[in-house]
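Across the two complexes that follow, chain A remains constant while its partner is chain B and subsequently chain C.
Then we have the complex of A and B:
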């Protein structure tokens, strides 16, 4: 886990140090050649776009790829799963699974791949455009896109939790008191999507704690880890962007910090979007595990 | 400090020339100006540019050098253009400045195309 974080920090932090050095250089050049300052700003933006935004773009492409491959996997695996459900017959009735949930998970991933991620890309491009040309500002538009996406994702997650809780026997409440301070911490400190994260993690946690009876705690933990690694990575990168923006604000141009801040915000939304994928993966994996267990124990 | 002293000497020489040979003054001014510019370029600006480039070596490769080079080019061209404008050839000055601007943009074309490629790779998916 530590190596994993070091890996991210190393690759991303390098770029941020480059930003800081570049802003210093721009300061020097502005002092020496004040007539060139407009263009220095432009070239600095260039440097920022080509070098610093690389991790953000990589994340976007990564999540897109994951969404694509998972939706492909779902397409191939769901007929088998459904067939197994029918074959297991009555055993499933007592578990009160929602078969519609599978369809829903697939739909969510499909939606993510086809609609949410392209919209996020549009938000990034609009941000860049409005920073490059402040006269033609699209910042309201990209803000609108971000909030809309966040609302959409929250609605989808709520729908997930409805499905899960109407599953009845599968859900039992986690001991609420133990996790409350952590929830509060996350809610306060993760900007933009903090409360969303706690809510959705609570919903999926409720489900998997029920499933832990069948599948065993370690298996659940490993499924969670695998599903949440891209999300965590994105979250961490988003934080790094905002930290850098805060760090260079005193001596950098407002545009540069603004770009970094906006990209950080967009990455937070991307993190929320990738939650959808993670949920679908967790749900399907647990479902498969339980199904296999049931089939093997019934015989 | 030495440079400042040199500038004062050049200034005095120019003033003397304007008394001694007022008819020849413009052409002598221009020649001394360019001579002094070359001198400064060799003794001050170039070494400083090199140390500046070395200072910002950690920046990824073409950017620091490109930025310093284009800034210096722009500054020189602005100086020369101003000089021409003082001599009364303002339109020629504008023309030369424009040409240098285009040259600077050509230096940056590769980087620009990289940015455009990056953005369009995001969009095409």
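Then we have the complex of A and C:
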């Protein structure tokens, strides 16, 4: 786990250290040549944008690639799953699963790949444009894009949880009093998507605890870990952006900290989007596991 | 849809970078006069893209 975080920090921190050093250099140049302050600001902005955008776009491309490969996997696995469901016949009926969920999961992943991630890219570009030329500001539009996307993702996850809870046979041990302080902690400390995270994790947890009876706790834990690694990575990088912004705020221009903050916000929304993919993966993986278990034990 | 999005964004980025550079190069009093022209250009571009997206349903 520590190696994992070191890996993430190492890949991103270099860029942020360059940003901090460039900001200090700009301060020096401003002090020595005050008449060139406009040029210094513009050059600094260009340096920051070129360096800082790289990790953000890497994450966007990463999530898009994952969405693409997962939707391809779904397309290839569904005929087999459907055939297995038909073959298992009546035994399947007692589980009360929703086969429509599979279609829904695939739709969500497709939506992510085709609509949500391009819109997030647009939000980043519009943010940068409005920082570069403050007279022509697009900040309202990029804010609108972000909040709309977040609303869309939340609605989709709510729909998931409705599907799952009407499926019956599901109850969750962790929703008791023990996890409430942790939920509250996450809700307070992760900006924008904190409450969304706790709610959606609760919803998917409800489902997987029902599945744990069949599949075993360790298997479920490993599926969760695999599915949530990209999300955690994105979340951590988003926090790094905000931390850097907070660190350089006393001595840097407001533009620079604003750019970092905006990219951080967009990455938080990306993190919420990647939750969708994680859910789809968790649901399908557990579904497959339970189906295989059922078929092998009923035989 | 995707291609149109890309074109809209590249236009926005192009106008922004070009006008930011021009505003840097020219002296301050000329820059003040140039800003409305930049806004006009951006407005025309946005309206044109809007018509491109939804124009056929008007």
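Descriptive notes on the structure:
The definition used in the following text is that the second predicted complex is superposed on the first by the 293 of 299 C-alpha atoms of A that agree within 3 Å, B and C clash if a C-alpha of one lies under 4 Å from a C-alpha of the other, contacts with A are read in each partner's own complex, and residues count from 1 in each chain.
Just so we're on the same page, a contact is a pair of C-beta atoms (placed from the backbone, for glycine too) under 8 Å apart; a residue touches a chain by one contact, two chains touch by 3 or more.
Everything numeric in this text was worked out from a predicted model, so none of it was measured.
After alignment on the shared chain A, the placement of chain B and chain C results in a side-by-side fit free of clashes.
Residue contacts after overlaying the shared chain place A:247 against neither chain B nor chain C. In the superposed model, A:77 lies in contact with neither chain B nor chain C. Of the two partner chains, neither chain B nor chain C is touched by A:229.
Partner contacting the larger number of chain A residues, of chain B and chain C: B.
In the superposition on chain A, A:20 contacts neither chain B nor chain C.
Shared-chain residue A:125: touches chain B and chain C both.
Applying the stated contact rule after C-alpha superposition, one finds that A:62 touches neither chain B nor chain C. Judged by the touch definition given at the top, the superposed model places A:40 against chain B, while chain C stays out of reach. Put simply, the nearest alpha carbons of chain B and chain C end up 5 Å apart when the two models share chain A.
Residues 39, 118, 121, 125 of chain A lie at the contact with chain B in one complex and at the contact with chain C in the other.
On the chain B side of its complex with chain A, the touching residues are 52, 56, 58-60, 63-64, 66-68, 70-71, 74-75, 78, 108, 111-112, 114-115, 118-119, 122-123, 125. Partner chain B is touched in their complex by these residues of chain A: 17-18, 21-22, 24-25, 28-29, 32-33, 35-36, 39-40, 43, 46-47, 49-51, 53-54, 57, 60-61, 64, 118, 121, 124-125, 128.
Here chain C touches chain A in the complex through residues 2, 5, 9, 12-13, 15-17, 19-20, 23-24, 35, 38-39, 42, going by the rule given at the top. Listed in rising order, the residues of chain A touching chain C in the complex are 38-39, 42, 114, 118, 121-122, 125-126, 129, 132-133, 135-136, 138.
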